[in-house]
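Each in structure tokens, the structures are laid out below.
Each of the next two complexes has subunit A plus one more chain, namely subunit B in the first and subunit C in the second.
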Partner chain A sequence: MGIDQVVAAVVAVVGVPLVLLGYIIVGEQVIERLPESVQGWIRPYFWALPAVGFATIFMVYPLLRTVVISFRNSADTDWIGLANYKYFFTFPDTLTSLRNSLLWLVFYTFFAVFLGLVIAILLDRVRYESLAKIAIFLPVPISAVAASIIWKFMFDYQPPGTPQTGTLNALIGLIGRDPVAWLVNSTTNNAALIFVGIWTAVGFCMVIISASLKAISSEVLEAARIDGANEFEIVRLVVTPLLWPTITVVGTTMLINALKTFDIVYVMTNGAYDTDVIATQMFSQLQHAHYGRAAAVGVVLFVAIVPLLIVNIRRFQQQEEQR
Partner chain B sequence: MSVEQVTTRRESAVAGSVSALNNLGYRLQRLPLHLVIIIFCAIWIVPTIGMIINSFRSVGDMGASGWWTTLFPPHGFTFASYNQVLTLEGVTPSILSSVLITIPSTVIQLTIATMGAYAFAWMKFPGKDLFFIVIVGLMVVPIQMTLIPVLQFFQLIHLNGTIMAVWLAHSGYGLPFEVFLLRNYLGGLPREIFESAEVDGAGHAVRFLRIAVPMTIPAIASLTIFVFLGVWNDLLVALTYLGTSTARPFTVVISQLVTSLGGGWQFLTAAAVLQMALPLAVFIFLQRYFVRGITSGSVKG
Partner chain C sequence: MLLLLACSSGGGTSGGGASSTDVTVWTAWGGDELKAFKDVLAPFQSSTGIKVHLTTNRDSTNQLANGIAAGTDLPDIAPGPTDPIQVKSWVSKGALKSIETALGSDAFKAYVDNTYPALTTAPGGASDDPYIGIIGGKHYVLMVKTQVKGLFWYNKKVFTGTAPKSFDELLAMNPSQYGAQKIFCAGFESGAASGWPASDQIDNIIMRQSGDQVYINWIQGKQKFTSAEIKLGYQTFLKEVSAANVYGGSNTALSTNFGKAGDPMFNTPPGCLFLEQATFIANFFHQNKGVTAGTDFDFFAHPSMGNSQYDGNVNGFYDNFAMYNDTPAARKLMQYMATKDAQQIWANDGGTLGAIKSLTYSDPIFKRAADIANSAKNLLVTAGDFMPSDMQKAFWQSLLNVTRDPGSLDKELAHLDQVQAAAYASS
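Up next is the complex of A and B:
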């Protein structure tokens, strides 16, 4: 990390906005001299070009190229049909990663949204709501890397009979249970990792659900109370249905997060002891320069996300109609 | 909380006279509610506090007893872990590297996004709707889908392993979401302002720089915090394009140390505290903007 990098960073921070400013001013000067009919045609593309160009180079083209690579060998010299996919769907290690990603998909999504909803509803009923929200939201700005180290200590394991340094094992020691090697034991490790994921995500779900909760008119709730509904019925029959659109939005985000999960698994176990997920599996293929196989894993991940992508576009189109 | 209880509370608020006994009953009934909330708050806050406390203990203490034992004398607090981490090969440069990656990435993508968003918000052109739908779709495309071709692209233009590569990659990945969000914000500005400026002879450059950008500052501010922390906390992008380069950021170095150190990883608590100090400071001091940045994307869309 030399001085030249500092200089480069300063140049970029000052230079990029200046270059874009110049691009706009000079470009507009040129466009304004063009015939009226050409102006209207060329100007929007001129303005959209930098953004669309970046998106094309770094997302659209790579996406298509990855699909192509997934049908080719590692050296990218020959077509090998579905061999990379066949590998993914038959090799035990990759199948484990597929199973684990399904576990993440179901449990991470469900509990992050469910706990977010429950906590939002509970906090709505107490005076210290904003303070409690800070506590629940605290893990959100923390990086997954730091969160992983935080939880490595929570799950820390020492042999039975020695003082436990991990908070969790110390707690179960209080009720006379033997310590558990949470991250090594294959019956607990995936649950442990998924829990860390949930821990980092609940704050996000809670904040968004809570914002919609505040928008529900108190008259509706009052009416339900007058009709004799108890608090549980109100939550189940009135509040939850009213929050449903928000819950689906948050749920889609969580589903996508679950499929893309990488950091927590990479830092906490690096995929060892059968904790691999699709994204870590892909990364290790990439590191071994098995580009074809890595691309195939990427395509599988993408195909899994396509339905959610369509849902997002549909929702966007509905919002556009209301504008 | 039953209906009776609620009505009692409402009535008491109106009448201002409730028997002490009734009040006590109401409080007792709400006790489980408070208990559940306190348990949740503890689960969400204690792990972080525990690790922060541990970072101020010696490695020997960390391996011999839990962080809670330090709450009672002798405390034995020390900066040893911080000294050890900061003198470790590559750690201090990686912190600088994180700064040098994060600030340019944020500036580059937000300037480009603002300009693009203006075109989508205030100009008409054939294919605009289709372009924008592609952008909405790209928002959820996993970056894993792009890693290999972009890596090969960087190798081709000899950018692989440089911070420039990460600036460009982050900018490309961040753009769809930012264009989407800023276009919605820009599109919500009053049409009359732009029309009257046009009548006064102001071109698009003037309308963009003098009207659109200043009026979008609140949205840009929230987005800046959001993007900044996203890049600061990123692992995958930097790991892929910088890997073992000397320009790799703090998150990458920490993750590599966790794997390579095996048993002696405890002093990395200090590294984790240093890494999360900035996000936590941002969250604490700019809470409102931070939460707005996070919620604006998904609530309104």
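Up next is the complex of A and C:
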């Protein structure tokens, strides 16, 4: 079996590019013999075909297949209409996961973008900017699983009256409060999970917003100051509107992240104590071999994300046009 | 490699080909368990000259299922499925070869005679018992190791009294008499599988309180969670984990990893008297606290729930192997693993019971656990492991939820009925 895998790896790494190269070389020789007018027409399609082909096989086909499966039973033997969707929108567990995903959408997105904006603006005005930015950005490259494990330690709970090894409970112990079981208690657990998400995302938002902040000409700010605006007014009336396209892109990216949230919840609670989100729900349905239900969840998630994607792509196009 | 697989799946027609000199084996074991298995295999390989190609595969059931569905090569020997539906379907597809075939009639008789009866004999002589791999009167899994669950562990320096005769007696104990804070320690956290330690506790209650038939019906989805028996089980479980009886209260039980749950027994002053857990926990005590089995800590068996006819129900789990390709080499290895000599090596390496009754254990803990397994009327499997996986997850999480909020019991049970109806209908 080991040898088979090596062979497969070699074929994939060396073989596929070779085949593509061969396709282009041979194809070009054929095209060159065609009449000039046909050449110009056919060449773009010819060059795009492998990419379009791969996208069709690996993205479009699975997408369509998912939609089909979502209307079929778990053994994929019979059509069952909207039963999988009905399950998703009526079963108490999936409704909880919908509610939680909504919490993620609102709080994760708002705080990640808002804090990213505030930090970017504040750090723009200090001498130790790059050092502070590195500190804020550090959680970004950490994988969500590692971040979750770090925060599991931070949220650790020991019985009242014993030494608290979790940083948070040790801190609230200093002011004489009893420890809190952050991940067990329903009033704190979703907030705790979302907080971890924000912790890993703020750095990303900050970096993007900060880059766009640097692009704002200092003359504009200078002019505002001369006109008598104070610093708060400058941030509110000049900087923020100029940053708005960037904030929209970062915001929609965060919204998509919020909808896709999986790893943090899976690692820290696995959905226990009412912390399930849509993506963990989809995963458990797969695990339980309810492929139809999992596909239905996937379709719902996809439909929810599409408008955000459209907004994002429009923004990118507008930015392209402005350049 | 391809040639080898082709030969081994060809069923030894080549006579003296690769299939009689090579055997492919999958196991989920790693670490010490894998080392022990290699120790078991070493004498087999040197005496027969058969080469065992061993792969650790923690996803073997899924991969076997895919292989069987797709008709691709399977390993010669791998663990059998635990899902009863899968057991039946794999037998009907001919993917599982019977142990009767693998061992031959004499060796098979010896295997059944030597092994714990609960692992090889269906209750009441039924011809189907997929929980121990029996379909149509034939055996499809070879039992090699076993563990006993539902044992109450204690620090010998703290608890100096005698083991309680009944569960009520256990609950009525006064921990301060021994200088401990509470009767029980508990730890239900286990990452994505959180809740299973709690499920072991309620399993051990229900099988002794309402009997093996109710217990098995419940696993099979024929007994509702809101039924009087299961509800009584939950209520009894809640007494065990009530704030008055469990160290640190429910938040501690829910936030503590099962591996560390027993540590407060060895603190000064001790946090609790007892931890309910399976035989494997002895290794954790040793690793975490440097204490030695037999001299520092010991256990007593699960006390009676007051229903003496069910006292012989014992909760255990087992490791097994099934044969997927009937080759001469695979048969030889199956025959070898069924022998006392092979299983004694497992017993010597420690940390587990073998499946054969007459093994000798140098560790006093396992010696006594073997007695419990031996005297068991029914060795019953762990409920959650044999429920559909969505049922299992909901069951585990319900135990966490009621531990946190005992007032939610009725709501939780009603919800479990809902999950049960959906989970078994689709499976």
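One rule holds in what follows: the second predicted complex is superposed on the first by the 283 of 323 C-alpha atoms of A that agree within 3 Å, B and C clash if a C-alpha of one lies under 4 Å from a C-alpha of the other, contacts with A are read in each partner's own complex, and residues count from 1 in each chain.
In this text, contacts are C-beta pairs under 8 Å (C-beta built on N, C-alpha and C of every residue); 3 or more make two chains touch, one makes a residue touch a chain.
Source: prediction; values computed, not measured.
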Subunit B versus subunit C as contact partner of A:Ala55, first or second or both or neither: first
First (subunit B), second (subunit C), both or neither touched by A:Val38: neither
In the superposition, subunit B vs subunit C on subunit A residues touched: B
Which superposed partner A:Ala191 touches (first subunit B, second subunit C, both, neither): neither
Partner chain in contact with A:Pro160 - subunit B first, subunit C second, else both or neither: second
Subunit B versus subunit C as contact partner of A:Pro92, first or second or both or neither: second
Which superposed partner A:Val267 touches (first subunit B, second subunit C, both, neither): both
First, second, both or neither for A:Tyr291, with subunit B first and subunit C second: first
Partner chain(s) touched by A:Asp4 [first = subunit B, second = subunit C, both, neither]: second
Those residues of subunit A which subunit B touches in one complex and subunit C touches in the other: 1, 266-267, 270
Contact set on subunit A toward subunit B in their complex: 1, 5-6, 8-9, 12-13, 16-17, 20-21, 24-25, 28, 32, 41, 43-45, 47-48, 50-52, 54-55, 57-63, 65-66, 69, 115, 119, 122-123, 125-126, 132, 134-146, 148-154, 163-167, 170, 199, 202-204, 207-208, 211-212, 225, 228-231, 246, 249-250, 253, 256, 259-260, 262-263, 266-267, 270, 279, 282-283, 286, 291, 294-295, 297-299, 301-302, 305, 308-309, 312-313, 315-317, 319, 323
In the complex with subunit C, residue positions of subunit A that touch it: 1-4, 73-74, 87, 91-93, 156-160, 162, 179, 181, 183-185, 266-267, 269-273, 284-285, 287-290
Subunit A partner contacts - residues on subunit C that touch it in the complex: 1-2, 55, 191-195, 247-249, 251-252, 254-255, 271, 388-390, 393-394, 397, 400-401, 404, 415, 418-419, 422-423, 426-427
Touch list for subunit B against partner subunit A, complex: 1-3, 6-7, 33-34, 36-37, 40-41, 43-48, 50-51, 54, 62-68, 93-94, 96-97, 99-100, 103-104, 107-108, 111-113, 115-120, 123-125, 128, 131, 133-151, 153, 163-164, 167-169, 171-173, 175-176, 179, 187, 203-205, 208-209, 229, 232-233, 235-236, 239-240, 246-247, 251, 254-255, 258-259, 265, 268-269, 271-273, 275-276, 279-280, 282-283, 287, 290-291, 294-295, 298-299, 301
